[in-house]
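Single-structure report; data block below.
Just so it is clear, A, B, C and D label the chains in written order, and each chain counts residues from 1 on its own.
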Amino acid sequence: MLKATPPNPNPHTPDSQGRFGSFGGRFVSETLMPLLIDLEHAWQQAKDDPSFWQAFDAYARDYIGRPSPLYHAAALESHLRTHKAFKGILYFKREDLNHTGAHKINNCLGQVLLAKRMGKTRIIAETGAGQHGVATATVCARFSLPCTIYMGATDIQRQAPNVQRMACLNANIHAVDAGTATLKDALNEALRDWVQHVDDTFYIIGSVAGPHPYPMLVRDLQAIIGKETAQQLQDKGHAHPHYLIACVGGGSNAIGLFHPFLADTRVRMVGVEAAGRNTTDGNHAAALTLGAPGVLHGSYSYLLQNEDGQIQPVHSVAAGLDYPGVGPEHAFLKDTARVDYQCVNDQQALAALRLTAQKEGIISALETAHALAYVIDNAETFEKDAVIVINLSGRGDKDMQTLAEYP
Amino acid sequence: MNRIDGLFQALATRKRAALIPFISAGDPTPALSQELLNQLPSMGADLIELGMPFSDPTADGPIIQKAHVRALRNNLSIKTIFTMIQTFRSYNSHTPLVLMGYANPILAFGIDAFFQQAHKSGADGVILVDVPIEEDATFMSAAERNALCVIRLATPTTSPERLRALLEKARGFVYYVSIAGITGTKSADKKDLTMRLRNLKKHCPLPVAVGFGIKTGADARLVAEHAQGVVIGSALIQAIEDNLSQPQRIVPEVAQKMTEWRKAIEEAQS
Amino acid sequence: MLKATPPNPNPHTPDSQGRFGSFGGRFVSETLMPLLIDLEHAWQQAKDDPSFWQAFDAYARDYIGRPSPLYHAAALESHLRTHKAFKGILYFKREDLNHTGAHKINNCLGQVLLAKRMGKTRIIAETGAGQHGVATATVCARFSLPCTIYMGATDIQRQAPNVQRMACLNANIHAVDAGTATLKDALNEALRDWVQHVDDTFYIIGSVAGPHPYPMLVRDLQAIIGKETAQQLQDKGHAHPHYLIACVGGGSNAIGLFHPFLADTRVRMVGVEAAGRNTTDGNHAAALTLGAPGVLHGSYSYLLQNEDGQIQPVHSVAAGLDYPGVGPEHAFLKDTARVDYQCVNDQQALAALRLTAQKEGIISALETAHALAYVIDNAETFEKDAVIVINLSGRGDKDMQTLAEYP
Amino acid sequence: MNRIDGLFQALATRKRAALIPFISAGDPTPALSQELLNQLPSMGADLIELGMPFSDPTADGPIIQKAHVRALRNNLSIKTIFTMIQTFRSYNSHTPLVLMGYANPILAFGIDAFFQQAHKSGADGVILVDVPIEEDATFMSAAERNALCVIRLATPTTSPERLRALLEKARGFVYYVSIAGITGTKSADKKDLTMRLRNLKKHCPLPVAVGFGIKTGADARLVAEHAQGVVIGSALIQAIEDNLSQPQRIVPEVAQKMTEWRKAIEEAQS
């Protein structure tokens, strides 16, 4: 236990030290601390400034294409009813329809507006699946800021379409060969960049990970997903959802959907991690399910590590889930049992992607497919007429090559 | 009086800055690393920083990253490091030794157990690379219970107010990071550094050791004119890396480098 | 002149023979005539049936993600102001944000609902860029209809990502090697399939081409683009647009935007064709600009043909424009001078794609890039404060490979 | 009386169906194509269908598609076809000849000019593959002005009402497409076809020639029992394609096939 400060009275927002319960905080070198404090202040101000939200909402609508629809997935639902004793009502929150194809852009839009406000002139970001990289390159193009994207060499291989898109958007792509050359290593390198460019550079972290205030900042921006969902369910005659299901890499799409509902105890939530090839060391990425608390990338949260506290290699067929850590708020939600965390393996995810494509005509991202797989493979466990919302966090265009490799 | 305070008092009277080499425990092999550690005092080290390897050393540049990788390939654990220190102490009881590392391996070991055994094995202080003052309370109290110093870091981005807060519980010395950057990359601008160190000394009752970007004798000499300690990391590790294919050359090469730096420091004082 | 019937009193809808002026008609083998007549009747009924539109609107909203935004492209606008003496106001109609990434799905949704209504159990379609193929495969998956997609072997090569998506959606992809192995040849082969499966098969044509009623049917379905644009401009305080700009392959995205404004003489319209490598025979696809009237694929319209009436090979860097014909309504709009048809070459389109990506963070399809290029390269010709709407007909994910080949 | 009507009247009295071979003008070469055309009557052809090549023959299967490609590779134009017919007529003045093709090359030539010159060169009728009755008015009137027949097509999908409308202005004979399909692929079901032809004859005062899917002697014989003409296209073109590498074999091979079909047709009548 790493917490010396008194407990946080409001469980749904971090305390002044950035702690959700004992999780979170700011474990960075002293050099970065003043930047994090600046960022936190800037966000507190922006958050309370209607003009910030005015700009955000206008771009969200006309540039991103929000609100993303809440789609009644009647075809998959009826397939599951016939073949799996499913009795629920299935909705997809269509973040795949956002500009650039995933929820990531919600966060990037907010952060780039904040960077502008703070007078920053250079942007950096890490990316795994390339979705956050593309989203960052996109907003940087739009707001005329040069950007450098760190991406593991392995991910550059398997998410080539997104690399080409970033290049087309004039992003400077920096391949990272260290470690397993995936998302974790890209984050390491982005942090190293940041500490070397403290004056002009804004680091757009892509998930609810990293040091405070990022987990809060990213969550505040992604919470638009859950807020819209609440309204859309009402419009469709549902007082509230019974289940919210989302995949969990760093955890931003999940927290975005969950957060506005956390106080509503009628709503059950499942975060779905990547069980990879199997649940032995190095073959999965299920930090919450199989990891232990520790410090990585600036915050205290669940991690996949060995007994010496060294970070373990991880694996998921979904590049965006291939990360040994998870956002600290999820660690808190797990320990307080507010959210149920489950995991789903590569094969289940691939099968779920294919089934959803064939029944609904929607090709989801492999990351998203983990959430789909959880519902498909546990279809019989949902009560009659339970309203289930799956966060369709992204589209699968980027994954066609991987799919071809797993026929 | 602990070894660190003792060292700086002694050097203060002699008006010389401390030469503080950094090596990474277990690099390039546990045996060679032990030998280096044992011999550093005779090579001119006044205080030794012993790095604890971590899989994700985000504050380090490529040179020290590779040292971490080499050490971890040897499965180097904190337990082994404590054994190394015990062995060192069987030869040397006066040179202060400070552990330097990232938070997670310490957490995995257990904070209390770590400080307890660090003390028992003969370490004098700990530098926590990724634990700023906002997060170091539990480390501090465990250190205090076990008569170890947590060495705090100041950087070019540290404001005067932060510096005040930082100094409040600082022990042993203050580690001044000379650049906003990672280890082994750029060096500080000389004029700039001089000014910053003068400023720092105004507020800082503790000795100041300067690290990051000190490579040549000339670098060392300049720093020694304005600070109480000169930390040399990447430049030393580079000497190891350069001789990986002929490991018998590593100790003599490091010794030669140490002699140069030591000479430069002694010149500074004169 | 091929018309023997009296002139059509309403210029904005075809007469009973499917003629826009003298263009259009039904030049197919007798075998297909009864099917076309059936289709026409079915469409007349569906069109007047509110329940049809109810279903269409529901899927348009929650499945496709309509309305697509009307985005003020302020970054490109300001670039053009600074560098090109541009004085207009630039909007993008964001069809790229539709599910599957282009306007094509509007049409496919309507046609598949019609196919269901008609009791058809099998779908066929042709595709060039693969966008119409993906959109067809998508709605077929959603509505549980098997489908076969005809695609030229050349296009299969250059639009590989879309081929993979169709396969993932379980479409049966049929490579066509005949001719130049592009869109025209795919259409030939689809027609051959249709005539062999007259009882159960519905042919979803992907543009406002083909025999009557297709040019009318597809246009009626795509007109949602223009209708939304009219409303969105009003909401943004513009009484009407001054210019509507769209690329023209078969012409469906263009007619979709133009049609609701045809009667409003204050609105000028430009359809932009592909001038390819150059304007010599075989190197472009500018049927309206450089062709002559003739019959291909069931209708009388402008064509690229030699003096013997043989169809010419065509070329465009954009697979979806690589077609020697054009919808007959466009032929009529050209001859009546209601719409101005211009053309833009490969290099202009590639440059426009890149500039728009770098300024707006929007990677358009290469087809779309022709419309962008027209505005960019004629920026100085627009009056001060002229409201210009470019139909952003699709996204460019599919074109990344081609872009790499034209550095 | 024109040649077509004359032929069918003559055959009606002899109770024999007409053998109607289809060749594609210019296939495999202009010279060989001319030779084939000239010799077809002596091989047993009662009426000849001469295909006009088109780049996009959507009603044709692979066999005839390839014939179009071969002809177009020789730059075969309508003007050349008229010359071919003129040459043919210098040897033969009695065998009816019908041009078969797609609309666009005719439009490019000019509808009026086309019918005028077709007549002048010695053609008797025109089959427009992709011009249904709704679209053939301008073609019809040009044909009429130039004493040519436009041969209309009926298919299994043609309803009785359409058939009535179709027959109204039909001239020469009715071309019945035996399947819903393209040339050279499947064959009609025998029982089905028999029934359809019986039905058709009830309403149709004109002779009926049946095409699509007639390959073997047996196919020809069956059709000959219920119709006034037997059109053989792909099966003949296949004989050309099979001998492309030894072109001197083409005319004898086609002649042999023609003999078979002719024999089958004559047997049918007996």
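FYI, contacts are C-beta pairs under 8 Å (C-beta built on N, C-alpha and C of every residue); 3 or more make two chains touch, one makes a residue touch a chain.
These numbers come from a predicted model, not from an experiment.
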Subassemblies held together by touching, chain A left out: B | C, D
Per Cα centroids, the chain farthest from chain C: B
Distance from chain C to chain A - Cα centre to Cα centre, in angstrom: 36
Inter-chain centre distance, chain A versus chain D - centres from mean C-alpha coordinates, in Å: 67
Chain B and chain D: spacing of chain centres that average the CA atoms, whole Å: 97
Contacts with two or more other chains, residues of chain A listed in rising order: none
Per-residue overlap in chain B, given as positions that touch at least 2 other chains: none
Overall pattern in which the protein chains touch one another (line/ring/star/complete/other): line
Pairs of chains satisfying the touch condition: A-B, A-C, C-D
Residues of chain C that touch chain A when the two form their complex: 61-63, 65, 68-72, 75, 94, 96-99, 101, 137-144, 161, 164-165, 168-170, 353-354, 357-363, 396-397, 400-401, 403-404
Of chain D, residues touching chain C in the complex: 54-61, 65, 72, 77-78, 102-109, 111, 129-135, 137-138, 141, 152-159, 162, 166, 177, 180-182, 185-186
Chain A - residues contacting chain B, complex: 1-5, 17, 25-35, 178-179, 184-185, 188, 191-192, 195-196, 198-199, 293-298, 303, 305, 307-311
